[in-house]
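Letters are used for the chains, namely A, B, C, D, E and F, taken in the order the chains are written, and counting of residues starts over at 1 for each.
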Amino acid sequence: MRPSARLPDQLRPVRFIPGFTNQAEGSVLAEFGETRVLCTASVEERVPPFLRGSGQGWITAEYGMLPRSTGERTPREAARGRQGGRTLEIQRLIGRSLRAAADLEHLGERTITLDCDVIQADGGTRTAAISGAWIALHLALQGLLTTGKLEQTPLSRQVAAVSVGVYQGTPVLDLDYAEDSTAETDMNVVMTDDGGLIEVQGTAEAAPFSRPELLAMLDLAELGVNAVMAAQRAVLSGERTP
Amino acid sequence: MRPSARLPDQLRPVRFIPGFTNQAEGSVLAEFGETRVLCTASVEERVPPFLRGSGQGWITAEYGMLPRSTGERTPREAARGRQGGRTLEIQRLIGRSLRAAADLEHLGERTITLDCDVIQADGGTRTAAISGAWIALHLALQGLLTTGKLEQTPLSRQVAAVSVGVYQGTPVLDLDYAEDSTAETDMNVVMTDDGGLIEVQGTAEAAPFSRPELLAMLDLAELGVNAVMAAQRAVLSGERTP
Amino acid sequence: MRPSARLPDQLRPVRFIPGFTNQAEGSVLAEFGETRVLCTASVEERVPPFLRGSGQGWITAEYGMLPRSTGERTPREAARGRQGGRTLEIQRLIGRSLRAAADLEHLGERTITLDCDVIQADGGTRTAAISGAWIALHLALQGLLTTGKLEQTPLSRQVAAVSVGVYQGTPVLDLDYAEDSTAETDMNVVMTDDGGLIEVQGTAEAAPFSRPELLAMLDLAELGVNAVMAAQRAVLSGERTP
Amino acid sequence: MRPSARLPDQLRPVRFIPGFTNQAEGSVLAEFGETRVLCTASVEERVPPFLRGSGQGWITAEYGMLPRSTGERTPREAARGRQGGRTLEIQRLIGRSLRAAADLEHLGERTITLDCDVIQADGGTRTAAISGAWIALHLALQGLLTTGKLEQTPLSRQVAAVSVGVYQGTPVLDLDYAEDSTAETDMNVVMTDDGGLIEVQGTAEAAPFSRPELLAMLDLAELGVNAVMAAQRAVLSGERTP
Amino acid sequence: MRPSARLPDQLRPVRFIPGFTNQAEGSVLAEFGETRVLCTASVEERVPPFLRGSGQGWITAEYGMLPRSTGERTPREAARGRQGGRTLEIQRLIGRSLRAAADLEHLGERTITLDCDVIQADGGTRTAAISGAWIALHLALQGLLTTGKLEQTPLSRQVAAVSVGVYQGTPVLDLDYAEDSTAETDMNVVMTDDGGLIEVQGTAEAAPFSRPELLAMLDLAELGVNAVMAAQRAVLSGERTP
Amino acid sequence: MRPSARLPDQLRPVRFIPGFTNQAEGSVLAEFGETRVLCTASVEERVPPFLRGSGQGWITAEYGMLPRSTGERTPREAARGRQGGRTLEIQRLIGRSLRAAADLEHLGERTITLDCDVIQADGGTRTAAISGAWIALHLALQGLLTTGKLEQTPLSRQVAAVSVGVYQGTPVLDLDYAEDSTAETDMNVVMTDDGGLIEVQGTAEAAPFSRPELLAMLDLAELGVNAVMAAQRAVLSGERTP
């Protein structure tokens, strides 16, 4: 029995609230149960040095947790003077995942930064961040198309992510904190809408996992990603229709 | 005419949403118009070294802005590796203001940290932070009383803050960003419920200000603080009654 | 009775020693009693990025305390790897105050940096720094006029500062360390020679202060600033006449 | 055709040189073709704060690249003042992998630090580091057993790692730099001697990968890890017999 | 001909002003011509971790330059966030030199920190700092003897330092900035009152130097150190007699 | 008797292994007994800002110790977030010494960085680094000549270094760690092939040293440097002949 009494293949309620803040070119609050991540997309008309003059754009991400998004207060990284290894690892993952969703040649020499800030943490913040950031990116690109700054969208794929794991011997979908902190295996999967894999990051926490377990987790992930993608599309089509 | 068409002595709509997040001992979203600041109070059973063994507690604050709370993206302080001067100045101000609201001897050897994170910025973030942090502190102390960890509240005063200024020659209350960025004078006032002054920080931006202007701004500040305090009390009494 | 046996409205002996060091374009040692701050003005023929091409100049300030300017040794900020919040707050205050004294359009694309280093601290270092830095700025601008680099002085106002406070219930002028560390209220006031207010920063340390106390402190501040300005003018006219 | 003319399932020559340096409790140079990583194990009789008094030990890792281990000089992280995201991500991976090889309760309150420093980089440095670090850990634990500091080895599993990928449409084993920099997919796999999976980290670089590709890569990884483990055992048995 | 028209073996006027500041246990302004370094000795009743419980004390030094002690403004190290290599090298030299002057066993478990801050720089700041710091140390130890905290002075030797060099082919004593910046060789020599050498640091700037040049520089250094030591003794005996 | 049973004027076996790594323009492993330092020379087609447009090149050095090159593990400087004073002092020394070996005008606007990384430390790492770095520099310059990027070598002198000291009253050559940690005096000497002195850095560790001791150490240094230079030439001539 999962602590939340969910079935093994049951996602938490997934909700995306577009336009959660009003300054960014794209903004969405991504909720997976009690996990809430604010994702904003900021467009800047410049690129990092290694792309200057290339005609190509860049997509990058930053991740942070508000100090009291967690059960015990986490020291503020700005006050400690550096981002921790976990933070850097997660924001590198988000950036790679979103770059896989777009054709940077069609973006022009501009940078889109996805800021993913965890308002409340209950497991799965990085996959919620990726799923929400894809919407924020989409909204920002829509804006560039609407204002004529882009003629053609650089968005080439829909991208979403979920966490899966092995909890008390059973493969389960979308771990919350109570599961995540004691699961034997934890795996994050980022996929595209045509079933392609972008990232598979599986980690044995308590015991090695087997190939059958890996496959069972991938099945669950595919199921979960499909549901998340449906929610992504719903919110975006809702954007278009009044 | 103010850009927002408000009267000189008119506050923006002020709203406090208690329990905005679920992990902190106290949590409130403070909204002054489009300015939104998440204030959480975290209780930890330890004090800084200079208070160990004193029987006395400590109240401190940290402040941050989400990168895209602003019109243009502000670089993330955690990524830059240090908190800027403005941030440090504001969090020192919040901490001093809240310490003035409490009797630290009655807190016991514990620390309450007020984290004030700006979700959306439209002027007056530091005064919204102080006003919201007071509620978060109040909620956290109620929790300590309810669970029997405290017998007597250390809260000795109600504290709130507003910004005032001189805009196009006229003293005005509660500047939004459009006013703040072009005002001749900007002043932040922190007060107690018995009309005492905790902090007065007035800065001439474009031209020196006169003593009559200072007094007119103080009148507006008192008016504004009273209204904010009414809103603080309303939300707290709403907490108690279902 | 004040610890120094001064009257409530009595300044400490104020002395400015121009030319205290020989490398800077402007240099003065500012003494308020035992408080001694070395203020130098450095002229550089460049401006920060946000002003490049604007034809306008910039005035900024940095502040530091020698480790043993204080009663107990203060750790060196360079060794700790960052400037503290108090330091950043003070140097931002000095910079704003001096920019209020000048018309940056008439400075040309150059930067003047006011370095204010505390040799010995006995309360009121920030107001001594502002008062001394104004002289250093004046000397540096005189040099630019003399050498023909400027045709017209950008100096538009005389600026000076004093601290005031409420000590044992009585408003007093120019607090030394013994008073400052136990005063109920501490306020720094920066003014111009025509009686305008540049900065008013009042902080309740032990108890809130009332508006009458605020007004009494402003009266003392005006008295003190006038005396400091007389000393500023004396030293500058002494410069011109051999 | 692979740039190195290797077959798709062909490892580079793998060599472990134990005792490469003489100060560490365990030391080995791990070579995968031109990739050379010095792995040392250092035993210290203390544990991090969160384990004090627990009776349990800790295993951790640090990773670095010598500035000119790469084709172009990489700036020294010590000079830049921080370890980059890639470095932190890799050393977290190494640490997790090695902790999965041992039973920390049987280590006593001591810490073993695996330092993995890349002398020469030609792809696959992180998997070479894990494979070498396991030997260094083994040597250090042998020393603790020999000197009677441990009665029972905490080593519970043999652990090794290889990289696999999809290069020009073909799954291949053990990518060198020429392949790694242009491969469509890159995956690192850490396994145990009983075929369990410790870490699976697959990343689509140019195009998403399919589940059949994932399985083909896992097959190659298992093949490669078995060969690496044979080399690990050979060098360790060589240690015992003269 | 030297730029200053001094003879090759001629020191600049050397002056030590004891009690230059009033907070430190020992304070002296050391002047070698236009070079002015404020040296303070601070006594703290604690030692670094490696000496705790040893009964032994510690002497250490820190060095800094005020930003405008130099001809062009030097960026403030506290603002840059780290002490530069030159600073660290100099403060290590000062610390070693002063430790050579004392018997740390007789100091008790306390630390004396010598802060050497350059008010004005005209060459030879590190040797002026060493020579001045010895006086500040002496004054601080006298205080500990006078107040009965020490029964016996830990000061075992008189220590002073001068710079020498080869300028336009001629060995010269006590280089000022004009010479130092163009000299072929620059050497700093720290000596004791019985003619022993504590530090010899000679650097070829433009061309290698020969052993005869080294010996000639040592002769000049001995001459110079003797004169500096006479000045040290004069100021200390002046302290004792009114 | 020296701990190693060497004669006072006896060097440890000195060996230089050129081409130890394959990426750098010049690479050599320098061994003085158990001390092993990897020295690489990296050529980059750019110069620091102060040399841009000057037509002149730059030679600089960086130094590091692998964490377990030492008897006890030394914390990694990259993880601590800054290079220590000793490291900065040593790399400044290496850079100065190598610049003395070359005519920077003939290098063109390019930078050669000598990275000296200590694989194993047993005393004398800085002098081994200088001696090895000279070979790495030579190899890199040969490459530039061979490929026609340079017409004329900027190498003007052969440079090598040794440590000397006074150990138990006797001047000795080439101190290993056992001697270095207890020697009364430690001196590093950098010389040219025509007997010129580049750097002389002598430090009294336990007791001041006399001028006769200084001269005896210089005699030993000259002897040692000559032997090291012979080894340098041997390895380079071996390079040329197959």
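As a working rule, a residue touches a chain if its C-beta (ideal position, glycine included) is under 8 Å from a C-beta of that chain, and two chains touch if they have at least 3 such contacts.
As the structure is a prediction and not an experimental result, all values here were calculated from the model.
*Asks:* Please report the minimal path length, in steps, between subunit B and subunit F on the chain touch graph.
*Replies:* Shortest path length, in steps: 3.
*Asks:* Out of curiosity, which chains are bumping into both subunit E and subunit F?
*Replies:* Looking at subunit F and subunit E together, no chain touches each of them.
*Asks:* If you fit subunit C onto subunit E using the CA atoms, what's the rotation angle, as a multiple of 5 degrees?
*Replies:* To map subunit C onto subunit E, rotate by about 180 degrees.
*Asks:* Going through E-F, C-E or A-D one by one, find the pair whose contacts repeat those of A-B for over half of the pairs by residue number.
*Replies:* More than half of the contact pairs of A-B reappear in C-E.
*Asks:* State the chain with the largest centre-to-centre distance from subunit E, centres being mean CA positions.
*Replies:* A
*Asks:* For subunit A versus subunit E, what separation do you get between their C-alpha means, in angstrom?
*Replies:* 59
*Asks:* Could you give the separation in Å between the centres of subunit D and subunit E, each centre being the mean of its C-alpha atoms?
*Replies:* Once rounded, the distance between the two centres reads 50 Å.
*Asks:* State, to the nearest whole Å, the distance from the C-alpha centre of subunit D to the C-alpha centre of subunit F.
*Replies:* 32
*Asks:* Considering subunit D alone, which of its residues make contact with at least two other chains?
*Replies:* 81-82
*Asks:* Enumerate the ring members one after another: first subunit A, then subunit D, then the rest in ring order.
*Replies:* Chains encountered around the ring, subunit A first and subunit D next: A, D, F, E, C, B.
*Asks:* Within the complex, which stretch of subunit A touches subunit D?
*Replies:* Touch list, subunit A to subunit D: 82, 84-86, 88-89, 91-92, 96, 100, 157, 187, 191-192, 194-204, 207-211, 214, 218.
*Asks:* Per the contact definition, I'd like the list of subunit B residues that touch subunit A in the complex.
*Replies:* 21-24, 27, 34, 36, 38, 40, 42, 44, 62, 64, 66-71, 73, 76-79, 81-83, 87, 113, 115, 117, 119-121
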